[in-house]
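Note that chain A is present in both complexes that follow, paired respectively with chain B and with chain C.
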Partner chain A sequence: MASEPLILELRNVFSGYGEIEVLKDVSLGVRKGQIVSVIGANGAGKSTLLKTIFGIVQPTAGQILFDGKDITKRSPLEALKIGISYVPEGRTNFPAMTVQENLEMGAFIRDDTRAVAEEIDALCRRFPILQEKRHTSVGNLSGGQQQMVEIAIALMLRPKLMLVDEPTLGLAPILVKEVFRIIQEINQSGTTVVLVEQNARRALEISDYGFVLELGAIRFQGEPEVLMHNTEVYEAYLGSR
Partner chain B sequence: MPLQLEIFLEHLLNGLTLGALYALVTAGLSLIFGVVRLVNFAHGDFFMVGGYALFILLNLPWGAIPYPIIVILVTLIVAVFAMLIERLMLQPVLDKSWRIHAVATLGISIVLQNVALIIFTTDPKQVPTPFTTKIVSLLGLRLSVQRIIILGIAVLVFLALQWFVKRTKLGKAMRAVSQNRDMCQVVGIDVPRIALITFAISGGLAGLAAALIAPLLSVTPTMGLSLTLKGLAAVIMGGLGQLNGSIYAAFILGLVESFFAGYVSFAFKDVVSFGLFILVLFLRPQGLFGRRIGL
Partner chain C sequence: MTALARARPWLLWVAGGVLVLALPLQYSGGYAINIMINTLMWIVFALSFDLSAGHVGTVSLGHPAFFGIGAYLTALLGPRLGLGYLGNTLLSASLMALLALVAGVAFFRVREVSFAIGTLGAVIIAQLIANNAYDLTGGPLCVKGIARPEFAIPFTDVTLKVIHPLQYYYLLVPLVVFTIVLYKAMTSSRIGRAFIAVREDEVRASAVGIRPLRYKLLAFVVGGGIIGALGSFQAQYVTVVCPSEIALSYTLNLLIIVFVGGAGSLRGVLLGSVIFSVLPRLLEQGGALSIPPAYQQVAYGLILILVVLFMPDGIDGQIRRMTDKWHRSREVEVGEDV
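Up next, the complex of A and B:
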């Protein structure tokens, strides 16, 4: 695995919101085909990291490379076009639209209407809950079902890299397991995943690599076993709470 | 046919025509509010601009264009006009608070009214079409052809609008913007472009209303104000951001006004429609047709 090329690389990236600097000199690499977790406390800058990669927040310094190409200054639209999808934290769907329509919006930038329709059919076969609720307004679904829809929206563009922010927040344990299973399945069908999670232990269990973010900087990194056996990491993020 | 019934049917037809006018204006207000969260106090003035465009097109020195073509032209002119207003004046403030929206659109309204005043003076302009005075008899009823055209086109336009918003990719994108604007950039929906299209459609509806209904009124620089207010009353009565609810509410307002003016008092008809509006605010603040998220 370690010999796989880097699909994403951040070199000395700084970014934030106007005066507020959040990411401070972040460098990291994500290998093609892996699941990589980013863990850290509230306010550490995990969401800011994903927004910076996707282009919602522009870095103030440093470089971002995707597939070896410099993508430092790009809009979210350009990120989508080169194969990066983003599932933000919280409820991020179109609540008064049906599951079907939400998936169509996921493919908004595609013009091949027929292929999109087939793609939606295929997704509904793959995830039966989508088929079952296909013509229900997403706002009427349970939290777990909505999370599924949100992940499916991000799959509509067949991304090479998927950025997922806290997909299990507020879900019942059984659904947490299901969401992690689905992320693994998506990864197995070829999508590289960067996963931000509060649920650090579970996240590391399905990951190939992990980063620990503290106050906007990478504090630790390594294979999951290495991180889990690091006393500092263990006590701060993995010990029973 | 008994006279009583004939009078009743006449008020009904008048009320439906008035309702169609309010509904075309309201639909535009409702779309703009739904999609970009802006209360457009200049919306009635879009109608006024359409009224003067109609006046000019009906009085071209080199002879008249056929009325159906004029209707299309006025619709397009006001659609483009609304797009210009959006791009040049409103787009820079769309992210700002409702107070700034109110100041900006009220300012636009005042400027438009005064420019119209300078160009066209306060004299009301008559804009009769070949159908304004034409009457047909149907089952012993004498019907104004202009009013039949208004109702027919209004119903077709509302069906088309319904289809557009529900079924087309652009219409769905408009709903998407109204329901979750942040999510739009995550899926690559260009929010400023959708806002512009929304203004074009809303302006087009106001222009169409002017081309069809101004011939029954007369055009003055300040005619937009009361339309804006009636339109806003219908938007709120129908439930904020609910396109269909606001259209129904507009027809209710038109009918109530017409019957009240016919049977009780013409002078106080506005008191009744605004009274009804206040009553609805008290009894059903969420609007007659309930609350929903976005369009």
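Up next, the complex of A and C:
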């Protein structure tokens, strides 16, 4: 695994919101085909990290590489085009639209309606709940079902890299498990995943590698077993909670 | 589906079109034709407002500013530039689209509520200027004597001067048709889906490659341009432009038409425009039955409250629910037949 090339690399990245600097000198690498978790306390900058990679927030310094190419200055649109997709944190879907329409929105930047329709059919076969609720407004689905739709929207463009921000937030334990299973399945079919999670233990369990973010900087990193056996990490993020 | 059912939307449009064209011939008397012109104006006003408010979800309380300034532009620049009706209309439309662009870039930086309040402030300032810039606008004395539209009929020496309200009515129809077609074209295309996406979830919209600011501006600029054109029509129709044309009461009426009629729905906004233009006038008719004006307003208020209570999704939502029910009950019947 470790021999796989880096699909994503951040070199000394700084970023934030205007005057507020959030990420401070972040360097990290994500290997192709892996699930990589980013854990950290509230306000540590996890979401900002994903937004910076996707281009919603632009870095003020440093460099971002994707597949070895410099993508430091890119818009979300360009990020989508090169194969990066992003599932924002919280309930982020289009509640007044049906599941079908939500999935169509996932491929908004594509004009080929027939290819989009085929992609939707394929996703509905892969995740039966989408087929079952295909013509229901997403606002009328349960929290877990909505999360499924939200992940599926990001799959519409067959991304090489998927950034997922706290997909299990507010879900019942059984659904948390289901969401993690689906993320694993997506990963197995070839998509590299960067996963931000509060649910640190569960996240590390399905991950190949992990980063611990503290106050906008990478504090620890390593394979899950290493992190789980690090006493500081254990006490701060994995102890009985 | 039967051929009739498939043709029904078309039939409705054709019937509506015939009605719009024929009705004023039947009732060309002063009072009725005024209500009809007024109704058409509200349709244009409300549809351009709904592009932003109903589709993109950006509620600007400042729409009357585009109307009033558009009217002033025609009143003040029209005579100097010697433009005809079409020239005046296009000038007001393009300058108001430009103003909407500038205002949009400035105001869309802030969040929804601040946006609404900010645009409200813009109306108040515009009205203050209209009231106090005597040299320019004549202040409360208004700009008077605006030229009525004239059209030279090709290959003849005849010029047609638009004087009678009936003529103004037919002069307004093209703008109404243009607005409806543009509204329909925009909202039922890819652009329309982006509008709704921005309304439903701005963050997610960005995540699927939509630039929210771009679509907010698009709806706002198109809306501003249409209302600018309408303001120009107003100036050339009443031939007087006063500071009261930049009125917040217009905003109130827009909110009622769009949100009680059915935000984001062509049918809802059309119905809202007709109902809330005609209803107050009908209640005024009550004056003839010696109902005092205060009671007329109370009655209007009560009707509004009742509508909101019994049709929480607006008039359009209510119709949709009833037709859905009807379709379902018919499906059941058909099912039993088999």
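Note that in this section the second predicted complex is superposed on the first by the 241 of 241 C-alpha atoms of A that agree within 3 Å, B and C clash if a C-alpha of one lies under 4 Å from a C-alpha of the other, contacts with A are read in each partner's own complex, and residues count from 1 in each chain.
Criterion: a contact is a pair of C-beta atoms (placed from the backbone, for glycine too) under 8 Å apart; a residue touches a chain by one contact, two chains touch by 3 or more.
Please read these numbers as outputs of a predicted model, since none were measured by experiment.
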Original post:
Do chain B and chain C fit side by side on chain A after the overlay, or clash?
Top reply: clash
**OP:** Would you check which partner chain A:Gly170 touches, where first means chain B only, second means chain C only, and both and neither mean what they say?
**Re:** neither
**OP:** For A:Pro88, select first, second, both or neither according to whether it touches chain B, chain C, the two together, or no partner.
**Re:** both
**OP:** Considering only the touch criterion stated at the top, classify A:Met97 as touching first (chain B), second (chain C), both, or neither.
**Re:** both
**OP:** Using the touch definition from the top, say if A:Leu80 reaches chain B (first), chain C (second), both or neither.
**Re:** both
Original post:
Touch check for A:Gly239: first (chain B), second (chain C), both, or neither?
Top reply: neither
**OP:** Go through the superposed model and pick first if A:Gly43 touches only chain B, second if only chain C, both, or neither.
**Re:** neither
**OP:** Kindly list the residues of chain A that each of chain B and chain C touches, one partner per complex.
**Re:** 54, 56, 76-77, 80, 86, 88, 92-97, 101, 104-106, 108-109, 153
**OP:** Spell out the part of chain A that touches chain B in their complex, as residue ranges.
**Re:** 54, 56, 76-77, 80-81, 86, 88, 92-97, 101, 104-106, 108-109, 113, 139, 153
Subject >> List of chain C residues in touch with chain A within their complex >> reply: 190, 193-194, 196-197, 200-201, 203-211
Original post:
Can you list the residues on chain A that touch chain C in the complex?
Top reply: 54, 56, 75-77, 80, 85-88, 92-97, 101, 104-109, 150, 153-154
Subject >> List of chain B residues in touch with chain A within their complex >> reply: 169, 172-173, 175-176, 179-180, 182-183, 185-190, 292-295
